[in-house]
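Quick one: structure below, then a few questions.
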Amino acid sequence: MPIDKDKIKHTAKLARISLDEDKIENLSKDLSNIFNFIEKLSKINTDKVSPLTSILNYSLRTREDKVTDGGIRDKILENSPNKNEEFFIVPKVIE
Amino acid sequence: MSEDKSKFLINGTQGKWEVVIGLEVHAQVSSKSKLFSGSSTTFGADPNTQVSLVDSAFPGMLPVINKYCVEQAVKTGLGINARINSHSIFDRKNYFYADLPQGYQISQFKNPIVGEGEIMLDLKTGTKKIGIERLHLEQDAGKSIHDLDPNNTFVDLNRSGIALMEIVSKPDLRSPEEVNAYVKKLRSIMRYLGTCDGNMQEGSLRADVNVSVRKEGDKKLGTRCEIKNVNSIKFMQMAIEYEAKRQVELIESGESIAQETRLFDTKKNETRSMRSKEDAHDYRYFPDPDLLPLNLDEGLIEKIKKNLPELPDQKKDRFIKDYSLSPYEANVLVSEKEVSDFFEEVIKTADKKLATNWIIGDLFASLNEKNIPISDSPIKAKEMASLVNSISSGLISGRAAKEVFEVMKDAGGDPIKIIEKKGLKQKSDPKELEALIDKILEENKEKVSQYKSGKDKLFGFFVGQTMKVSGGTANPQLVNNILKNKLK
Amino acid sequence: MSDITNKSLTEIVDLVKKKEVKSEEVTNAYIDNVEKGKKLNSFITESFDNALTKSKIFDAKPNYESLLPGIPLAVKDLFCTNGVRTTAGSKMLENFIPTYESTITSKLWAEGAFLLGKLNCDEYAMGSSNETSFFGNVINPVKENTVPGGSSGGSASALAADLTPATIGTDTGGSIRQPASFTGTVGLKPTYGLCSRWGIVAFASSLDQAGPMTKTVSDCALMLEAISGFDPKDSTSIDRKKENYSKEITKNIKGLKIGIPKEYRVDGMPNEIEELWEKGKKILKGEGAEIIDISLPHTEYALPTYYIVAPAEASSNLARYDGVKYGFRSSKGSNLIEMYENTRSEGFGDEVKRRILIGTYVLSSGYYDAYYIKAQKVRQLIKNDFDNAFTKVDAILTPSTPTAAFKIGEKKDDPISMYLNDIFTVPANLAGIPAMSVPVGHDKNNLPLGLQLIGKPLGEQTLLNLAFSMESKSNFKKNITKWWEK
């Protein structure tokens, strides 16, 4: 199934990845091939099957409502490329 | 364009328009820690001091769900008469924003923890049932601060990951008045249950408002717009009025409504489009593979049901039945659990009717003026009861009570002590009053004869004089009787 | 001590416990090898100072009760190590220094081991040849110019070249077993949920599992014992009593039923692979096991299913790499969206971007049902196949890989050809069941080949026993000359 350039551009926007025009041609080829490969699944009848919801047959485990974390601002901000003592800093969104 | 007041309708140039409203209320769960992490949830902390590695989405971090949050969602579901889904799933809602560190929000999409329910509203026109579509648990996002720097946005993740219950109503609301009643009722129920403190100033409760219009009588729903993140009832009402008019105007001028997300500008009092990217909202929901399905034990649901406190509607019915209150009075007294608790404490020892009037009348007026909740009232329940009793017992007159109240409303205190200090004890000894009155009649012989010859109005003068001389403490009933006797 | 680095982990632990060798000596020997082995490019970060310090601390006050006393270990650079750079093989995390330690590595250190360094891998664990790493290719020590497999290519290479006595990798579609097969080492992917995922850079959450990569099966049991166990910080972690794999391991496999799935015989499979499979069957039969033909009818759909589910989860797991909280941030971009787009475009390599795009696409509106839901349904069918098979057999024997290690660059431009490497390994990840690769022979070019044993959920002991038996009878001789030291 061909994945055309417009679909790729749209998907890249959703994924917040910018693509160079010259790369899109190759990507289109690659992705089309991959999707051809994946298309195999359409051959199989899954009408009576439920999708797998979890590999494990257990139920979600819960924890107590206690404050056991936080208060580590320095650690949290330490690795950020742009920050001050209190906040993460990012470029503005254009509204 | 005007509004028909009996039913909320917009009068357009081409006829009358009905407004159809649905609300998605986001209520912060009253937990100590977050939904999927152990960070604190208290309001007003320094930026990024209530953030863990999980909250800020560091590589390899994983969510673990807070049991208390699950229980509060079940409780709230029971409080709105909803079906509890013993099997529910958490999904990822994928989008990018600076205050969303994971690049997705953990929410519930196709299988929420609570299904359909309902809330009864008490409106001026009678009761109305509002359907609830569902309730689900989800993470709150952090906060983006745009005005600290011209070129940059500052991000605080304290709120990121706090548990929210999203309560989605059916599009059954038809007016700003109904929206007011709905939000208040929902808030009241959650406060009764203790599942959310409903504090709108602190952001514990906010709503996305969906508005569409249609010609009066039409069954089909019009295209709706969503007004996001409105954090006060007043703004919700203003937003609805503006948006409904905007939509009617558009349709009547031949244009169609674009289904979009809008913001309510609180300075201009109008809604405007969020100039967002076209494909902004393909959230690509899928079940979160870091979490297993949530299966609730039937036993757990039963246990929660058994331990539910009395809810506003039940309490209202009980107040009407047991205390012979009118529906209006009952409504007012159950609107807040603290008020109903206060009332029931007072009437343990005081007259119900009097207590009702004093609480709904004078006390509420004072609290409203000071803008404080009843829990901050300088007058405590025992003292209120004491005041009411001093009237029922005849210790003081109603008028004197008002004077005592004036002191108590600011400074609290024991009414008996105030009465003594101010010498407000009602004079009810007939002999004493007779003597007093005799003196007044003696000193006003001319007026007495004028009264006796027909000037009925002078009765009030004698009453007034008696009151003046007695410092307002003469028992009005007795004074009336004695005067009537003496002036025959 | 004459070349201690030649020995197995179990042998070294034994020598340490017998006080015949000190931790510092062991550590120095490995540091020496690593320094001589730079051509292999298997290390991204070396922690020599830390390792030597820890070895001296151990020697000063040794604790011989632990499983890995005084043992230096290098680990795949996907495990977050406190204070030590963790890159996931990516530019995005080139300078990321975690302030926390993954549960798995914490367990290793609690058993007396300490960090020797971080091992190269395909970027974000996406690859089958360790050719997608930002830090360059890894070379297979078996033969210059060949790939070690991937994504745990650095781990397999370092292990086979004696640069670490043992190691751990992660396996999402075969990333432990395939490189194990390519380098002639042992690799095990545990049952999903047996080992904690907390602190491991996530690729595909419902498929990822950490696992041991070792020289021998006994070593594998020892490492598994150290790293397995319940972790309350991971909601997908299984809560059960720990097993003593190394104490319970035995060569006695009499009466065990081994399934041979006909669907694993693929078109064009080289004769050597077929012969290897026969060899494996013969060995197990000779040791008392029963060989039974079985069918896993949906096998051919496993790879397409994997290439929908894994990218879908990855596209969401990698959304957090946005330049805001940590990692690389592009200097280009005047607003938030531009910053995101440039950061992710510059920070991620081509294969990662390809998979993010695939994943985003299959989850997107209009395609979700046709792709993602469909894939999850087929996944259920694949799991059912195994559940069914395990009512008849105790384990399943298959080849690990369709070929031996290929040349560097040979498959780089053909994604599908690269993906086909995982054809035998992917089904076990989809079904969440344990599987391991054991080296059993060589191909005509003297490149190692492995056989895969697949087990029931939580059936690791059975797998280890079968592998132990096979290893003892296979006569597999490691034939690596240290060509890189010249």
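First chain written, first letter: the chains are A, B and C, and each begins at residue 1.
Keep this in mind: a residue touches a chain if its C-beta (ideal position, glycine included) is under 8 Å from a C-beta of that chain, and two chains touch if they have at least 3 such contacts.
Just so it is clear, the model here is predicted, and its values are computed rather than measured.
For chain pairs B-C and A-C, the one joined by more C-beta pairs in contact is A-C. Taking the mean of each chain's C-alpha atoms, the chain closest to the overall C-alpha centroid is A. Look at where the CA atoms of subunit A average out and do the same for subunit B: the two points lie 41 Å apart. Inter-chain spacing, taken between the CA centroids of subunit B and subunit C, is 58 Å.
Inter-chain spacing, taken between the CA centroids of subunit A and subunit C, is 23 Å.
Residue positions 96, 99, 206, 232, 235-236, 315, 319, 322, 324-326, 336-337, 340, 360, 364 of subunit C are each in touch with at least two other chains. Multi-chain contact residues of subunit B (touching two or more other chains) are listed as 53, 56, 64-65, 96, 98, 153, 155, 277, 282, 284, 291-292.
Shared interface positions of subunit A, defined as residues touching 2 or more other chains, are 14, 16, 53-54, 56, 58, 60-61, 63, 75-76, 82, 88, 90-93.
Touching subunit A in their complex are the following residues of subunit C: 96-97, 99, 192-193, 206, 232, 235-236, 238-239, 298, 300-301, 303-305, 307-308, 315, 319, 322-329, 333-342, 344-345, 348, 353-354, 356-358, 360-361, 364, 370-371, 373-381, 383, 415-416, 419, 431-432. Of all residues in subunit C, those touching subunit B in their complex are 80, 86, 88, 93, 96, 98-100, 102, 197-202, 204-206, 232-236, 312-313, 315-316, 318-320, 322, 324-326, 336-337, 340, 360, 363-365, 368, 372.
Only residues 53, 56-65, 92, 94, 96, 98, 101-104, 153, 155, 277, 282, 284-286, 289-292 of subunit B touch subunit C when the two sit together in their complex. Those residues of subunit B whose C-beta lies close enough to touch subunit A in the complex are 31-33, 37-40, 46-56, 64-70, 89, 96-98, 144-146, 149, 151-157, 274-275, 277, 279, 282, 284, 287, 291-295. Of all residues in subunit A, those touching subunit C in their complex are 3, 7-8, 11-12, 14-19, 27, 30-31, 33-35, 37-42, 44, 46, 49-56, 58, 60-61, 63, 75-76, 78-82, 88, 90-94.
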